[in-house]
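Working notes, structure below.
Chain lettering (A, B and C) follows the sequence in which the chains are written, and residue indices restart at 1 in each chain.
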Amino acid sequence: MDKPVVVIGAGPAGIRACETLAGFGVRPTLLDESQTWGGQIFRQQPGNFKRGFKDLYGFDAERAENLKQTFHKIREQIDYRPQSLVWNAEQNRIDILHKGKTEKLQWSKLIVASGATDRVFPFPGWTLPGVYGLGASQIALKYQACAIGSKVILAGTGPLLYLVAFQYASAGANVVAVLNTAPVSARMKALPKLFCLPGQLARGMYYVSWLKMRGVKMMDGIQIMRAKGETRIEGLVIKDASGKIHELECDALGFGYGLRSETQIADLVSCQFNFNPVQRAFLPAKDLSGKTTVDGVYLAGDGSGIMGVEAAELAGQRAALAVLTELGLCSSKDSGVVRQIQEIESRLQTISKFRAGLEEAFPCPENWIDQLQDDTVVCRCEEITYGDIKQTVLDCNVKEINRLKALSRSGMGRCQGRMCGHATAEILAHLTGQSLQEVGRLRCQPPVKPVPISVVADASLSQESA
Amino acid sequence: MSQPEPSSKRSKAGLFQRLKELDRPDVEFFINGDKYLAKLGDTVLTAILTNQTAVRKTEFSGQARAGFCLMGACQDCWVRLADGQPIRACSTMIEQGMQIVTNFAQGNNHG
Amino acid sequence: MDDKLFDVIIIGAGIVGSSAALKLLDMGMSVCVIESGASGSRSSGINYGGVRRQGRSLAQMPLTQRAHAIWGRLKQTIGIDGEYVRSGHLKLARSDKDMASLERYRELTADCGLGLELLGREELKKRFPYLGERAVGGSFCPEDGHANPRLVSPGFALAAQKAGAIFLEYTTATGFAYDGKLFQVKVHNSDRPLQSRFLVNCAGAWANKVCEAFGEPVPMDCSHPLMFVTEAVPVFMNVSLGVEGGGVYARQVTRGNCVIGGTQGYALDEYRARPGGDGIRTVVGRALELLPDLQNVQIIRTWSGTEGRLPDREPVIGLSSTTPGLVHGFGFAGAGFQIGPAVGEVLAELVAQGQSTTPIEAFSISRFRS
């Protein structure tokens, strides 16, 4: 097919989408930036590593194994292209960077399963070597069998906090402390919502009690004040729930406050975005099937809203079924399909309730902005400080996020706002007394990630005159 | 300059600590012309950070950085090969003899 | 505010509209500027940033020299330096024919004060060793330069605001009328029209709506310049670069990023444009040919925008041909950044005195009447 169905992202959502498509005789093209399948949650370790899935993925080992079997089963039925970065996307066409060459690919249908990254907010000293995201800390262990340091503090909030702490301690890392910015009361209040997925809830409670029994120092309701150190992190200064200040020695810190969706590709193909107050972010609009406002474009998985791995797999199947219906390859009247869709959508609803509970149990910290100093870096790439941003907002009467970016440079660097965009929006909202929604969202342009000039340059044009 | 500790031992010189998968072949590589050891299966980031505590210095203030997201999103771990080619350390595998340059002249330090 | 009668309403808060507002306030008039987006964010904000006299038509020489003087006091005028530098502008020849063209231009403009120097291949290699092989010579204008449009254009708007102009951003003008004494401008977010004695049309690529409302439509179309910016690298480009015949232009800022453009993007809607994959690859190919040392440098962002232009690529500047009190200043075909501040002053003069000290007959809207 010269205009294939293209799936972007070989994580759980992308793989399930491909499985469903292949099941109806479609040969999708599966593009993924990494060398192996799995996305982040099931990132495959290098080929010469020996740990088993139980070691790597714990309670999710079975899910990972199923996905692996599925991937190998469909391998020959799909056009799988690893190490392929989609650096540009438009109606009908994408540009891919693969092993030092770029090529364009026309698509007929697009399923974007681009996943997520850590959501972070700055604090003084967060750019010191040794400070990583929570997800990053997990990848160091999962993918490279390393701990990020020999005295590790894990901090922030979200389900990842206790999971990573558990995984680190189980693997023999020295976990100095596990510090939750959310108070215990938040978890208690959210319990009713969390009960709708009792298995997930049980896991979380298991991690917490396991860590407690091991005597790992655990605190709740803390505030991160600053990281100390000269050339690397040497300690973390926090305020506990009663207001007392503690200085904890460490040589590494993994922190994060949940995840944020990678929505650049959806933006580039002109999907409409809506503000999602639960996720505190603008997300591409989609219906229950994952269909967006753009013809032929579907979304699945954490790349369009954080819902976790089970939801990602279901959404991948659901989006594929919608594509197949559009292609006329499966009928919305077929009772088997109808039942499958109902089951998926019903399960997704339940998961959605659970996720809302998680956001309540692990809310974003409220007063992190108070800890910022004028010289605290907010935009890591361009080294724009909180003081720079404040001055710009004041001098130029800035109210909107893209204007703030243009005038202060925050968000203008290599990562194009992935690490600082949410923080900058929160800061702008705070400084101007506006809501997060009112300050707007950062516009995306190609390239999705930095690409070298030599690779993108179209050599065939070098002989032509202007 | 004395030969650095083989990275199979607890590394005081580096950031990352190897917990498992210690039984892998050694890989020799270079950072700014100095020889170091890593293990086959390491990313460039791991290779550097089991030997040193930083991966690069920022263009504008010269601050040390050691990556951040480990998943190719933050763009904070770019280094170059000796021929000038840029590589993202967290998503590139180390290879025998790789010549990594972290102190290439970058942008313009404004201190 | 709705009941207030302004001396002047200006449609469009780009560099032209904003500098007109600034000058009008200086003359003691009350001004309201209506802008459908954020001030200085459209053509004035997305352009390459060249502050360039070389290459303009003879007709634009008086305007461009007037602007040159304004740029020379930019900091005093808008309070920021906007990263403006007089780096010089080097226009390259890639053939003997190109070189002859550059020589002819130098002769044509000999009395205009540009100070053009023609450079041969050897001189080029000596002074600009980083240029690719195809450059056989060039024309160098020492006092031309570049600035950051994202700072300068909103900077003019901010200065005008500080001086007392009312800026209505994110406000679309939906209707225009004149009753013989006053202009009425309807806006999308209010029931009451705004009123003024004078109306200044600086609506850029959308200026024809105003022209049509007053019975003097012009044959405007749009272009969408495509640009990219690189990561910061050590400064090597000591000049703003262009080529005879067009197609690629490049500059480097003191932070080290290279800003390079050429080729066209495409429209997403009436206001927005974006770069396409082919356009990006083409301009990057041209950039690599112009500057081979960029080989391993990474692109971090591309963008496009919308610019208005007329068939003869000259702007419309001057009094309306149909309506007293209406003044036009639009259609700069992608070359409005440098002359913008001078056009603003001219428009203010047209409002205040009905004429300008700078010759602008060549830009009359009447030239489009059949």
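Methods note: a contact is a pair of C-beta atoms (placed from the backbone, for glycine too) under 8 Å apart; a residue touches a chain by one contact, two chains touch by 3 or more.
This is a predicted model, so every value here is computed, not measured.
Visitor: Taking each chain's centre as the mean of its C-alpha atoms, which one lies nearest the mean of all protein C-alpha atoms here?
Guide: Of all chains shown, the one whose C-alpha centroid lies nearest the global centroid is A.
Visitor: Select, from A-B and A-C, the pair of chains that is joined by more C-beta pairs in contact.
Guide: It is A-B, judged by the count of C-beta pairs in contact.
Visitor: Express in whole angstrom the distance between the two chain centres, defined as the mean CA positions of chain B and chain C.
Guide: Result: the chain centres lie 46 Å from each other.
Visitor: Report the inter-chain centroid distance for chain A and chain B in whole angstrom, where each centroid is the mean of the CA atoms.
Guide: 24
Visitor: Between chain A and chain C, tell me the centre distance in angstrom, where each centre is the average of that chain's C-alpha atoms.
Guide: Centre-to-centre distance between chain A and chain C: 40 Å.
Visitor: For chain A, give me the residues that contact two or more of the other chains.
Guide: 413-414, 450, 452
Visitor: Mark out which residues of chain B touch at least two other chains, giving numbers and ranges.
Guide: Answer for chain B, listing residues that touch two or more other chains: 60, 78, 85-86.
Visitor: Do you know which chain C residues sit against two or more other chains?
Guide: Residue numbers touching two or more other chains: 231, 295-296, 298.
Visitor: Can you tell me which positions in chain C touch chain B when the two form their complex?
Guide: 231-235, 254-257, 295-296, 298
Visitor: For chain A, which residues are in contact with chain C within the complex?
Guide: On the chain A side, the touching residues are 88, 90, 93-95, 102, 104, 268, 270, 396-397, 400, 402-403, 406-407, 412-414, 416, 445-447, 450-454, 456-462, 465-466.
Visitor: In their shared complex, at which residues does chain B touch chain A?
Guide: 10, 15-21, 24-25, 40-43, 46, 50, 53-55, 58, 60-61, 63-76, 78, 85-86, 91, 93
Visitor: Residues of chain B touching chain C in their complex?
Guide: 59-60, 78, 80, 83-86, 105-108, 110
Visitor: Please give the residue numbers of chain A that touch chain B in the complex, ascending.
Guide: Going through chain A, the ones touching chain B are 33-35, 40, 45-51, 55, 117-118, 127-133, 135-137, 139-141, 143-150, 171-173, 231-232, 251-252, 262, 380-383, 413-415, 418-419, 449-450, 452.
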